[in-house]
Amino acid sequence: MTIDQIIFLVVAVATLIAAFRVVTTGNLIHAAFWLIAALFGVAAIFAILHASFLAVVQVVVYIGAISILFIFAVMLTRKDMRDQGPQLNRNWGFGAFLAALALVGLVFLVHGWSGVTKTAPAFPSEFDAVSALGNALVSPDAYVLPFEVASVLLVAALVGAVYVAYNRK
Amino acid sequence: MSSWVYVGLFLLVGLIIPVGAIVAAWALSPKKPNPIKQTTYECGIETVGDSWVQFKAQYYIFALVFLIFDVETVFLFPWAVKLNSLGMFAVIEGIIFILILVVGLAYTWRKGMLEWV
Amino acid sequence: MVPLSWYLIFSAILFSIGLFGVLSRRNLVAILLGIELMLNSVNVNLAAFWRYGTVTNITGQVFAIIVFAVAAAEVSVGLALVISVYRKRNTVIADEIDMLKF
Amino acid sequence: MDFLKDPLKVAADWLLGIFAGWGMPELWANVLIGFLGIFILVALLMVLDIFLVWIERKVVSRFQSRIGPNRVGPFGLIQPFADIIKLLIKEDTTPEGADRVLYNLAPILSMMSVLILWAVVPLAPSILGVDLNIGVLYIIAAGAIGTLSIIMAGWSSNNKYSLIGAFREAAVMLSFEIPMLTVMLIPTIFTGSMGIGAITQAQDTWFVFLAPLAAVIFLIAAIAELGRSPFDMGEAESELISGYNIEYSGMKFGMFYAGELLHAFTFGGFWAILFFGGYRFFGLEQVSAFLAIAILFFKAFIGYWIIMWIKYTLLRIRIDHMLAFNWKFLTPVAFVLLMATAFMNALLADASNWLYIGGMFLSNVLVAWISLEVARSASRRERERVEGGKAVEAHQ
């Protein structure tokens, strides 16, 4: 095993443990903090993949904003958190079965695919992913439409969410 | 070796030093706990109930507006990096992008949802 | 070097854990936590395919960024709905929100 | 001569020779050297932090016509060490019902979020730290961890005051992150890169001359991020006693306190790096790396001093005013400024250097003037609405 593989395995196992705790912890605040740990692990995976921009965006958006929103939502509904009662619904066994089935199916698909043992091409040292992204996001023959539509989506989400969440007395 | 290895080392050192300071303090400090010492400090008044306080929904609204604008500004960073070489067309795209989001801000402002009630 | 399959299997496990959370948690907020895990596993896949394909073709990262925007929209609207339901029904347990039941 | 120019490389080569002599593979030797370098940097920062306590106490005393610490050692210089010994041997209490893991993790994360900021600080032309090409966003990412540590501390203490303080502080930190991110786009536009090292090297003219308004907005947002007065709603001694860190004692409180001071100093440094040329000062930085570091620290101290000056001069603002100020004034102004800068940048792309600087400066002044006029007329209308026509006359 090379050093890269060891680093990857440590990060991946830590992430998966954190992710498992997210779905099994009773206390929802703890679940939110475990989610932050899992998201941080995913950010580290992005860094290992040389996707620097995604790694920082993961921390800024997910850890800095989304998880804080989760914590606020948990606080708002905390009276009804029922930390003690059963956290899983009646048919959790069926859910576990479906999740395991999905895992087996995905692994089977990956196993049958020829490109799976591929190793990464050498990272071009002059390549700047951020400016390539900038190019892709604004040039008309690339992704300018998704870029603009994303802002429409965000505005729609903002207006809708604020309207729904706002407490009209 | 990517430069992220050094960021990882920085994280490691950044953890070691505060942990070291706290462990040193734990080793040196006296430990004589008693129930009075461990009560919650609320200006000497006996604590009533648990720490659950009525959480203002307004915090949530601000976090929500923040989330949307955070994602939006992050989107703008690749645009800003390439702006010098892309010319007027890219600038106008970016301005449209910002203006669409300002509409959202104007809506929440107009509806009085940015007020701290 | 880490082979591509490791990333894919990692993201498959992450996806399944998220799916389990979505299917079996009773609490609405916890269900949304599961969805976050699933979206993240998708992003890991996109970044891995970008790195192991042609690096100069940035499409994978563009998709991942769009997923970030979608995740932000999903979380904001989803949690707003949870809070709205909590105000009306005083519960966040998915089983008890059964207004559409016969 | 080489050592003066590029001490880091000389030291690294020297160490590499020693480690190679021990038969260590080059990869491991490099990682070990990186670790040692980072450890030394962080240890020096902690020493600096100790003196920041002294500086802060001395400066606030002078602002308030007092003398400040003057008993222990010359000018009270040994006082912070006495404080540290006190923090170390003080009994550490954990409140009943606290969430122990999160309670202990919060001060560590708070300190860490500040220390990791120094990973991207370019100290000298040859010492760029970790030269990430996304350095600007890295600052915000580290700030996100800081916000998290505050929420963690507030929630895990099982105390009403600390919970309220933590949420107020988090709301303020989140809100002011938007103008901060927006004005950080402006140096990025000028440079064409997000790397902090590249931003420093691009400042043949300091960016403060190109974007004075952006520098002001950055400073305001940074003070709010730091949770310092006039935005110290999270602590608010007179109503929340001490806010999120109320239940902490001993070294854990010390971590929050030291973290806050170092954070203020660091943001003084980032203000200098983004808008005042970082280590650059009329070519002096090329003479020696040590001189470059001295220049950077001098500028950072000026920034830190301005932050202190504001802290000890202004009164605390009410939280609704604070958030309204951010969302209804600072954020729109930052967006308008960003759009104006992007537009002017494209318009003046082929213009001569002086025209470019002049145009940028004028557009900034124009945006500032218009926004202040709009704010003034809006606040006049608000006053009329609240107090009726007569009171307004009295104000004028």
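Here the chain labels run A, B, C and D in written order, and each chain numbers its own residues starting at 1.
Keep in mind that, in the parts below, a contact is a pair of C-beta atoms (placed from the backbone, for glycine too) under 8 Å apart; a residue touches a chain by one contact, two chains touch by 3 or more.
Predicted model only: the values in this text are computed from it and were never measured.
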{"item": "Between the pairs B-C and B-D, the one where more C-beta pairs touch", "value": "B-D"}
{"item": "Chain B-chain C separation of Cα centroids, rounded to whole Å", "value": "21"}
{"item": "Centroid spacing, where centroids are CA-atom means, of chain A and chain B in whole angstrom", "value": "18"}
{"item": "Centroid distance [mean C-alpha coordinates] between chain D and chain C, Å", "value": "33"}
{"item": "For chain A, residues that touch 2 or more chains besides their own", "value": "48, 50, 52-53, 57, 60-61, 64-66, 68-69, 72-73, 75-76, 123, 129-131, 133, 135-137, 150, 154, 157-158, 161-162, 165, 167"}
{"item": "Multi-partner residues of chain C (at least 2 other chains)", "value": "65, 68-69, 72-73, 75-76, 79-80, 83"}
{"item": "Residues of chain B touching at least two other chains", "value": "4, 7, 55, 57, 59-60, 63-68, 70-71, 74-75, 77, 80-83, 94"}
{"item": "Arrangement of touching chains [line / ring / star / complete / other]", "value": "other"}
{"item": "Chain A residues within the chain C interface of the complex", "value": "2, 4-5, 8, 12, 15-16, 19-20, 22-23, 28, 31-32, 35, 38-39, 42, 45-46, 48-51, 53-54, 57-58, 61-62, 65-66, 69-70, 73-74, 76-77, 80-82, 86-92, 94-96, 98-100, 102-103, 106-107, 110, 115-121, 123-124, 127, 129, 132-133, 135-137, 142-143, 146, 150, 153-154, 156-158, 160-162, 164-165, 167"}
{"item": "Of chain B, residues touching chain A in the complex", "value": "2, 4, 7-8, 52, 55, 57, 59-61, 63-68, 70-72, 74-75, 77-83, 86, 89-90, 93-94, 96-97, 100-101, 103-104, 107-108, 111, 113, 117"}
{"item": "List of chain B residues in touch with chain D within their complex", "value": "1, 3-7, 9-15, 17-19, 21-22, 24-26, 28-33, 35, 37-43, 50-51, 53, 55-56, 59, 62-63, 65-66, 69-70, 73-74, 76-77, 80-85, 87-88, 91, 94-95, 98-99, 102, 105, 109, 114-116"}
{"item": "Contact footprint of chain A on chain C as seen in their complex", "value": "1-10, 12-27, 29-30, 32-34, 36-37, 40, 43-44, 47-48, 50-52, 54-56, 58-59, 61-62, 64-66, 68-77, 79-84, 86-87, 90-95"}
{"item": "Residues of chain D that touch chain A when the two form their complex", "value": "27, 102, 132-134, 137-138, 140-141, 143-145, 147-148, 151-152, 155, 167, 170, 174, 177, 192-194"}
